[in-house]
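In what follows, chain A forms one complex with chain B and a second complex with chain C.
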Partner chain A sequence: MFRQVLYVQWKWARLELIVCAIAAFLIPPVVMNVFIGQYDTYYTRGLLTGSAATGVFYVALALVVAVTLAARPWNADAALNHAYALSLPVSWSEFTRYRFLAGAVLLVVPALTVWLSGIVTAGSITIPPTLQAYPASLAIRFLLMALVLYSAVFALQYVAGKRAAKLGAWVLVLLLVVEVVVQLFHLGDPFVPTWKLLTSWPGPFRLLTARWMLIDV
Partner chain B sequence: MSDAVLVRNLDYRAGKEFAIRDLAMTVPAGSVYGFLGPNGSGKTTTIQLLLGMRRADAGTVSVLGHDVPAGVHKALARIGYVPERLHLYPTLTVEETLRYHAAFYPDWDTARAEQLRREFALRAEQAVERLSKGEAGKLMMLLALAHTPELLVLDEPTDGLDPVVRRDMLNALLEYVSARHATVLISSHLVHEQERICDHVGVMDDGRLVAEMPMHAFRSGIKRLRITGAPRDAGSPPFTLLTRGLRAGREEEWVVRGWQTEMHDWFTRVGGEVREVIDLDLEESFVELLRAARKSEPEGN
Partner chain C sequence: MSDAARRRGGFGRAGRYVSLALALIASTLLTSTLVASGAGAQDAAQIRARTLAASRHALAMRARYDSARRAARAVLPSDSIRAGGLTLRVDPEVVRGTTRRTIERAAARASEEIRRTLGSAADDLTIGNPVVVRGLPAYALTWRGSRLAFGLAGVPGRASMYALTLSEHEATRTILDLVGSLAASRAPDSLRAWTYGWIPAFREEESRWADFAVELAVSRSFVARACHRGALGQCERALGLVPVHDKLTEWYAPEDWRALLDSWKPLDPDVEAVRRDCVEKGVPASCERAARARTVPLPLTMAARQSLLGLALERGGTDAYRRLLAARGGVREVLAATAGIGADSLVAEWRARVLAASPHGTRPGAAEAGFALAWVVLLSVAAARRRP
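Right, the complex of A and B next:
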């Protein structure tokens, strides 16, 4: 049963997943090269700035992957007023469990690409002896972040319905924009108290504001 | 188990306009039960309540011996359901739909499913969204039959289909029922189709089951009588008077339920005379029953 649910969800989301996987693979080499080029004379600084920027892009990508994987099956069921799902001989909780697990398994596809891309990128540039590459931990962070966001969107949809899901997605996008603005313009600590509560330990989105560095000290 | 479906005192309200009130319904095991009623009478809502897709406000529902909604998933594994509208994922192919559906049913018969697919001329690689209405109906019938259900619940399965597709689907259904002795609950407003295949009938109108009886009783028990000298007050006749109307002169036309030949005597006793007894076909009986039910409906309901 789970295999079939997984297959169907893969079929629904495969196009977006492949695009996201390609993006996940291209982000580190492209961003690193841009920043290394900008900081030509300060190579190490270029590496670290590029690495931090890669992290910001990966946060955005994790959000896109999470929303896609949570929304696709919900939309497919909602378009049929959930009539098909409800007519199957499984309880609603069992059905949603399969749906959730299938989406969670599919998160591994872009996470693996993040890991591969990290290895390839780290292997193709010269890393000074004081710095280290962390492709595996970056991929794990990506996977965990995507899983947290996916769980949040999934829970909103399956508990509160389509309207709440849209609202939740917009709130997440807004929070993300706030974070990007804060990071890009060096505005210091995030200025929204809720945001701070959610993104500082033990808030569920702590990973969002953590340092996502492919190359670090 | 003598009843495949047993409903008692079922209440359900959907908004301000529509309600199912105090519904009692019995579908005997092994019967082909025609669930008749005009559009909007509550047939689909009742079916969804039976299958646990909606929650009743009050009352009890038992399907194949399982209480609904508590045991509905066990019941659903033994039920083949064809809904009123296509409820399958449009982007999947026929083959993918079959594989997906089969995964939920432990008793899925792959060979039978493949045989039906060929009989229904459904292409495995065809996307569900590209199926014609007839093909979609056949696919849903296939899905309902291939896990060898004990109860088939068919909600307007042939509505809007051409006669050839309709015949194919009904043939497949009857073949299955005769081989497996399955129970069928088939909802429709196509009365003549029901007359051909059903042995029990329930008539729904405005959220109420206005009649439920074996088909032979329904077919033979409702008559139109031409009467002269009928008393103004009918008192307590030995039949159920459904409607009464004036014809030319002193002649009246009565539509009655539960008519038997010996009831001529009752008219003689009250000073009347039965001039003619007219058999009604199922559609006329159905219309008269609805007319009587609507007349007896209290104001404001």
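Right, the complex of A and C next:
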């Protein structure tokens, strides 16, 4: 049954996955070449700046892939009031597990592309002796981060159901209101500690704020 | 300095407040005058009302300035907060409640850190030069809300401003930073000049060592990059332990000069033209001419130098700071005496430590990966709990 679920989810998400894979393959070399020029001292710094700029792209890509793979199956099932899922001879929790695992397996596609793209990019430029390329490490970090983001969006979608998008929007509005209030009354900044809590140990998004560098020291 | 003056603390910022207040008063009066003179359609009553409003505002500014000056000159209790060998004098009117508790906790943490880094020789550092924490009243046009000013009594210069809601970490780092200045004031001249009058009174965080690794690898100076690749002699040169005759050629290779001039903005238009010639066209003669016109920057930042001293203190154990104070000679000799090992070995250890902290791209550690997967399992289990 898992194979069927995986096949269906692949059919649903293949267009987005292919677009993401192409972006993952093309954008890093383009960005790197924008930041580097003639091979001299400039080049070393430009290479590191370019690598950091590419890191932002990888984080954005992980988020896009995670949201796509988590929201698509729910929306398809919800369009039929989950009649298909509930008519199957498996429990809801088992079916959700299949859906989750299928999405998680599909994350391997963009992760592999990130790895291949890293190898190609690193091979196409001259790397100074003080720096190194880390395509495999980057792909592993991408896969882990995409998995965590995917799990978070999947959990939000399957717990909040139809209200997931609305809930997300409300959270954003609430954050905005809190920000305005604390600024008006000089109550300090609540977002820095909250952000730190989420992105430092034991927060779920610790990988997000790490260095996303294809070329690094 | 008289006792009374010492009790008042050595901030000496009255001049700053005077100039700030005068500037504000003058700008207020000038603005109101210009607005009034420009408004040709106004009648005499309107102009009189504007002038009155401006003078009231100026009086209010004057009152604020007076209160700021009073705060700066207030006599503080001599032993407001004590933690180990550390003494702080705080303004009891502003530093109270949560702020006071935060500063007390910070002082306790700082005291432990100082004892760990500098040993018992640092116990009497703040005797005669306590850390002073004054309150500065709200200054409508500059700050929103009262501020705290951290400084050293009897030592001009270093001071840091914070909101009353400062964190314990901020307070701790500020106290340690100030104590670092005191610790350096007793050090041998050669070392004091080398570290620009500051000694680390705390152990560097691991993330800072990673910063030094990046600094070493992408430095504009060839000696720093050579140090990264393993040339220990160049490490000493990059850290400023070797005397140099021509900084430009001994620290920077001709191919580094372009990068050296990239962020520099000379005031002389002729030099600026030469600099552009170098940066944009890469003309070697222009690069040398422009590079000779500027102050040659250090190959590595002062923080990197201070990390070497921090390592020497760490390597030398609890008596390291005592040995540092007693040492004589150049920087190499002082560092060797502090660390209890030769300067060459110390530099080699420093380099090894810097390289060990290299960020290595994005390689996630086993714990990091395991934790991420634990979150994945937790969230997936949570997702399956609710049936539509």
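The criterion applied here is as follows: the second predicted complex is superposed on the first by the 185 of 217 C-alpha atoms of A that agree within 3 Å, B and C clash if a C-alpha of one lies under 4 Å from a C-alpha of the other, contacts with A are read in each partner's own complex, and residues count from 1 in each chain.
One rule holds for everything that comes next: contacts are C-beta pairs under 8 Å (C-beta built on N, C-alpha and C of every residue); 3 or more make two chains touch, one makes a residue touch a chain.
Here the structure is a predicted model, which means the values were calculated and not measured.
On the shared subunit chain A, the superposed partners chain B and chain C are arranged side by side without overlap. In the superposition on chain A, A:Ala155 makes contact with chain C only, not with chain B. By the touch criterion defined above, A:Pro204 lies against chain C but remains apart from chain B after alignment on the C-alpha atoms of chain A. In the superposition on chain A, A:Arg97 makes contact with chain C only, while chain B stays out of contact range. When the two complexes are overlaid on their common chain A, residue A:Arg45 makes contact with chain C while staying clear of chain B. Of the two partner chains placed by the overlay, neither chain B nor chain C lies in contact with A:Phe57. After overlaying the two complexes on the shared chain, residue contacts for A:Phe25 are found with neither chain B nor chain C.
Between chain B and chain C, it is C that contacts the larger number of residues in chain A. Once the two complexes are laid over each other on the shared chain, residue contacts for A:Asp216 go to chain C alone; chain B is not touched. Of the two partner chains placed by superposition, A:Trp115 touches none, neither chain B nor chain C. In the superposition on chain A, contact is made by A:Ser137 with chain C only, not with chain B.
Of all Cα pairs linking chain B with chain C in the superposition, the shortest spans 9 Å.
Residues common to the contacts of chain A with chain B and with chain C across the two structures: 81, 86.
Within the complex formed with chain A, the chain B residues making contact are 51-53, 73-74, 76-77, 81, 83, 85, 87-92, 96, 99-105. Of all residues in chain A, only 1, 3-5, 7-8, 11-12, 76, 79-81, 83-84, 86-91 touch chain B in the complex they form. By the touch criterion stated above, chain A contacts chain C in their complex at residues 38, 40-42, 44-45, 48, 55, 78, 81-82, 86, 92-93, 96-97, 100, 104, 129-134, 137-138, 140-141, 144-145, 147-148, 151-152, 154-155, 157-159, 161, 186-188, 201-202, 204, 206-207, 210-217. Chain C makes touch with chain A in their complex at residues 144-145, 163, 165, 213-214, 216-218, 220, 225, 228-229, 255-256, 258-259, 262, 282, 358-364, 368-369, 371-373, 375-376, 379-380, 382-388.
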